[in-house]
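A short write-up of the structure that comes next.
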């Protein structure tokens, strides 16, 4: 239903401990943001892309589709860097340094985006969320977050069917109808979400629910050597970038 | 409008995270207190959060080229109040980053600040204010006006904060932060202002249906 | 019951083609499991009841959605009264005006505060004047026998009532083809009978019905023709041919129907004339044997 | 199918009473429409399959919920293995441990994104140690034939798969009575057969089944006893008595079953011995007559 979510459960990296992927992607993300954009961002992007399309098994088309919207934001945002306004000569002028700034921002953001996508495409939330208690988050919050994750698919499915039904009755054929339909969809979704919560309450009570949504989370062994290996790639990128700068 | 991963310099990302943190911590605190007092609220809160996410994922086909939209911020604030919205909104934004690639992880703090803190508070304040000012009008008119103004202004407030965040990160070479704010504001207003009006209208329809249901 | 009458008319299932699909392909997620169907052909004839049967995942709902314009086929064409449907906004809306889809779960199609408001949703979107909308709504509520519920809030209705209101909402748009996904699911036997009677009324008024169901016995006694679907068309034709063929039913992962089995047994025992139709209900069995 | 075998054992439906309700009253909203039932008596016997049939609104789901501790009766008592259930927290929890209710809609009982985690919920609530929970989960997944789905996220499962996972969640608590609300609703015929086989396995292992359904033919061929319910008990007894009684079925607004009607016809024609059981499937008709 959500392409990134579906792909994450099929990723060959699914079974890896989330901490390993966190180290790998987080390290690369730090490289993209902290190192000089040239060649740091480019190297980071290359490593993330190779990892995504190679061992992590991210479908290229799904990756491209997911990247489309944020890339649009990055491009739109960078365009503003090309011009400067309110200068002494004219209201709007081409910023002579604009190109460099825009290119740097684009490179950094695109590389960072790839790191984020690599993590999202290889880490199913079902495996990540129950482990959030280890980070010291209150268990009530973690339970609510996990419930949200489960219920959002039920709600998404409902929303999809209601919208399809409305479209079938020409509910989106004009702008006026559109506003009426979207409003009715939102209201019906709200009512049904609450109804669902009540029914789930009843359903879970039968299974012994008394207020805690405790489940058995299987441990995935986390070997120090694996963490080191996951951290090696970002370190290599950092080392290469820094030595490139020193050598030049 | 979500700031993409990596678009903000690390110092700015960290600063906005710090700025959003107290609100989120306060929200989570009130959430856990609610749950402790009434364990049954857990399922309702889960459903509310799911509702917020789905509302924000609704596509608005008439507006193309918009990065994303804060639909639901205003409605959520009126229905659940701003502190709870800070917590639910943060989770929604995290899910959007991981499930839809809308908004990033390092920019989560900045996005939370604009969409889960400022947006809800603007919506709630404006809603209360308009309700007070229009108390003499018929109930449905007053409610409709308050909801419309609250939601539309929350949407515009959100996008203004985002523009400010970008302007602070990328000040204009000539005119500094103010000029940059004008640039970002102008370029995103093309999509965000019509969106704010539509969102206001849709939310009025939602609230009207909810009070008659 | 009615299938006997209409079969007697010699009309149903032999009229001109009103809605058809040609070489249709649709898949939800190409990467995961291939298309639901590929190169599917189907014809719905004016005035008939065409039942679509087959296993879950065999493509029943997907086919209904493609034929009613709620999904765009990835290949192939849909024709309405012979004219090819164009998959732009205007073409799809024209298709939706004539072909109305009703989902299995009524809650997916009820979203207004009151029954009357909900039924008026479609006619309003068709751009009708308030007076015309009022007439349409009154007529549709009457046709579905829910006039008494007009001012009720939708969430206080029973499941069966909600199913009827949703049908009224579709009927109010005066479609020439009504596409129903599992219309009898969740209804009790009395509710099923009363719904079938109502649908027979619509059909007598000229509406063509395309209906998916899991109930072989129901299709056997009520539909004119049956389409067996499991990723491809396994069989299509008069119910008394298609649903009386146990190997074919087994290929479509369906249970055999009672009527043909009992008919064969009774004919073998000489209780039923060789050219008499199979019984379609237990009551008919009792009638034949006088038991 | 199986009812023939178990009827042969002479055991099913004749065992000791394991769960019973006495003079039960329940109404959802006294102001609106009076109670769903008043002074209802029912007995479920060890090891049997008891099918509850009746019109919508007749109280099937309400009865199942009262007997499984999900609703508190407003009058009357529920007894588990002879001991009266006390409606305080401890008593209700004890009842829920032994009597597990599975709802019609699986999304009402699945709350975790992971199948394995979801199934572990019940055993954990019973206070079992992690190792014991792990064993229970593995065993329940195996019993429902969903071991292969253990690592799947629940939201990517089909409807039929979700139904099985919810059942696994209930079975993992090792209830002595499994109460199923419309377990076959929404399943295709092949899915129904495979679910019945699975349930037969549970029953062979000693679980008592209390099942509501609209499908008279299914109850006839699969259940041991039937309860006809429409605000009051219209009939309770072996399926071959209760469901072979057309006037009784009509009183419960149900359609007659095929099996008894055909049995009577075949006996009248001398094709079936007077003391032979009615056929319970179309295949059996074909077998009897050799057609």
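In this document, chain identifiers A, B, C and D correspond to the written order of the chains, with residue numbering beginning at 1 in each.
As a convention for this text, contacts are C-beta pairs under 8 Å (C-beta built on N, C-alpha and C of every residue); 3 or more make two chains touch, one makes a residue touch a chain.
From a predicted model like this one, the values you see are computed outputs, not experimental measurements.
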Requested in this report: For the sequence-identical pair subunit C and subunit D, determine the rotation angle of the Cα superposition and round it to the nearest 5 degrees.
Outcome: 180
Query raised in the report: Given the two chain pairs A-D and B-C, which is bridged by the higher number of C-beta pairs in contact?
Result: A-D
Query raised in the report: Which whole number of Å gives the spacing of the CA centres of subunit C and subunit D?
Result: 30
Query raised in the report: At what distance in angstrom does the C-alpha mean of subunit D lie from that of subunit B?
Result: 48
Report summary line: Distance in whole angstrom between the CA centres of subunit B and subunit C is 44
**Report entry** Junction residues of subunit B - those touching two or more other chains
**Finding:** 209, 213
Report task. At least two other chains touched by the same residue of subunit A: list those residues. Result -> 5-6, 125, 147, 149-150, 154, 184-185, 187-188, 191, 196, 200, 204, 210, 213
Query raised in the report: Which chains touch, pair by pair?
Result: A-B, A-C, A-D, B-C, C-D
Query raised in the report: Inside the complex, what are the residues of subunit B that reach subunit A?
Result: 1-7, 9-10, 13, 28, 31-32, 35-36, 39-40, 42-51, 53-55, 57-58, 60-62, 65, 67-68, 75, 79, 87-88, 91, 95, 97-106, 166, 170, 172-175, 178-180, 182-184, 187-188, 198, 201-210, 213
**Report entry** subunit C contact footprint on subunit B (complex, rising order)
**Finding:** 209, 212-213
**Report entry** Interface residues, subunit C side, partner subunit B - complex
**Finding:** 111-113, 153, 155
**Report entry** subunit B partner contacts - residues on subunit A that touch it in the complex
**Finding:** 2, 4-5, 29, 32-34, 66-67, 69-74, 76-77, 79-81, 83-88, 93, 95, 97-98, 101, 105, 108-113, 115-117, 119-120, 123, 125, 138, 140-141, 143-145, 147-152, 154-156, 159, 163, 172, 175, 178-180, 182-191, 193-194, 196-198, 200-201, 204, 210-213
Report summary line: Listed in rising order, subunit C residues that touch subunit A in their complex are 29, 31-32, 65, 68-70, 89, 93, 96-97, 100-101, 103, 105, 107-112, 121-122, 124-127, 155, 169-170, 173
